[in-house]
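Below is one structure, written out as structure tokens, with a few remarks after it.
Chain IDs A, B, C and D follow the sequence of writing; residue 1 opens each chain.
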Amino acid sequence: MPLQMNVDDLSKFLSKEFLQVADDFAIDNVEEGWIQLRLVAHDKHLRPGGTVSGPAMFALADVSAYLVTLAMIGPKALAVTTNCSIDFMRKPRAGADLIARCTLLKLGKHLSVSDVLLYSEGQNAPVARATLTYAIPQK
Amino acid sequence: MPLQMNVDDLSKFLSKEFLQVADDFAIDNVEEGWIQLRLVAHDKHLRPGGTVSGPAMFALADVSAYLVTLAMIGPKALAVTTNCSIDFMRKPRAGADLIARCTLLKLGKHLSVSDVLLYSEGQNAPVARATLTYAIPQK
Amino acid sequence: MPLQMNVDDLSKFLSKEFLQVADDFAIDNVEEGWIQLRLVAHDKHLRPGGTVSGPAMFALADVSAYLVTLAMIGPKALAVTTNCSIDFMRKPRAGADLIARCTLLKLGKHLSVSDVLLYSEGQNAPVARATLTYAIPQK
Amino acid sequence: MPLQMNVDDLSKFLSKEFLQVADDFAIDNVEEGWIQLRLVAHDKHLRPGGTVSGPAMFALADVSAYLVTLAMIGPKALAVTTNCSIDFMRKPRAGADLIARCTLLKLGKHLSVSDVLLYSEGQNAPVARATLTYAIPQK
């Protein structure tokens, strides 16, 4: 199954549909069923001590699952998250970008399921993992 | 087990430890093992169409589980979320505050487990549910 | 929305469609969007020490979410679990039936979402909680 | 960090501590932070149509997370599951063994977190995924 959207297409889509948060994210790479996305280190995502906040990690995982789904089915602004489970395992490194590596495990007619590992740039052990289900709007 | 912190104590704690987000939340009520918290409707939490974003809903659930735990054990800034599962079930109502009703299901020595239902103010059907585990720092 | 199946209907359905496990479960009560189900204490569900095993608790939660969905939509053997999150919070009491109290939080066209609390009979604190999503087969 | 238990050690432990279910499982391989386990196809795990049941898939994921943890910390019968999230994505193939490939994502002092992908033998697309947290007993 070929990619319906590349890094450029996805970046433009994000800027158009999610203007408020588009600056927070940068798409590093996209392949069939796989994406790497980064949360650019901004003060507003930080907790005391300089660590990235839980909601910011959730947001990164959520956007990566959304974009890897759209990369395969094309631009559908109305796809919505129905479920997320997330485990916070280690403290992110202060001042480092947070990187999501996201694998599309299932792409059905109604649902997509994606697995995400989150890393502080430059570290090997993941800081968090998440699984997200998106409902795909029907015509 | 008596409350260690009341609404005033928790509000002051939030303002001191989480200055960046304290304005977003208002504590309506706290009882033994139970809290009601609201996310005050701000433009910055909204998605196109005026609905509250997923990360903002996650943040509300997360803070409510944190505060209901602290209400029982006293102020410990270092308690951290280890796990969250969240189901998004309905679209929040545009322009309405989002209300979390959070029940502490377990308070152990190392972990607390809380269940949260999220409602758009004025509506009966929950927009989301979440379960969160907090790790309680040891002395 | 009226009940499509009562305790008798659901018990017969279970015996017919899930013969291998039907003897394990007894339906105590069903109402609109709510069911109470019990796992009858059998040796085969036990772990060393006489406690109910994790898979047996999962099975009880899963069947309760299935039956509360069917109670509202009528008999559809092909509804399937798509997601479950479960927290094990306390050790079940040895030799006691395990009781599931299950609330249907959402009944959509494609998905149902149910919350379950599991109790050892005669105890107040829940031993586990679970949330399950079922995919509803389309005609 | 070296392995504390190899395939033989883990198999003997399983036979001794979980006699009732030990025959259901076979350990294919174990490495540092990784295990492959199989659920041997038995009639008792099947649903109508010959597919492996949800509780049997849960049990396989649960045991694999348990064993990969013990492989690293040594035999501790009292480690208990505290949380599981599981997504059922495809129907398992009738009559095929179910294979778990399990990665230990975090091994802390109090908790381990493991990710599991489940496959029907001979198929490439996973039938389910799960994440499990184990509480590690303290001395």
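Operating definition for what follows: a contact is a pair of C-beta atoms (placed from the backbone, for glycine too) under 8 Å apart; a residue touches a chain by one contact, two chains touch by 3 or more.
Note that the structure is predicted; figures quoted are calculated from it, not measured.
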Request  = Tell me which chains count as touching both subunit C and subunit D.
outcome  = A, B
Query = Among the chains, which is located farthest from subunit D on the basis of C-alpha centroids?
reply = B
Request  = Between A-D and A-C, name the chain pair that shares the greater number of C-beta pairs in contact.
outcome  = A-D
Remark   = Rounded to the nearest Å, the gap between Cα centres of subunit A and subunit C is 34
Ask   = If you average the Cα atoms of subunit A and of subunit B to get two centres, how far apart are those centres in Å?
value = 23
Request  = Please compute the C-alpha centroid of subunit A, do the same for subunit D, then give the distance between them in whole Å.
outcome  = 28
Message = At least two partner chains per residue is the criterion; list those residues in subunit C.
response = 82-83, 85, 87, 89, 133
Contact set on subunit A toward subunit D in their complex = 85, 87, 89-90, 105-106, 113, 115, 125-126, 129, 131, 133
Remark   = Contacts from subunit C onto subunit D in the complex sit at residues 17-18, 20, 44, 46-48, 53-56, 58-59, 62, 77, 80-89
Remark   = subunit C residues touching subunit A in their complex are 82-83, 85, 110-111, 133, 135
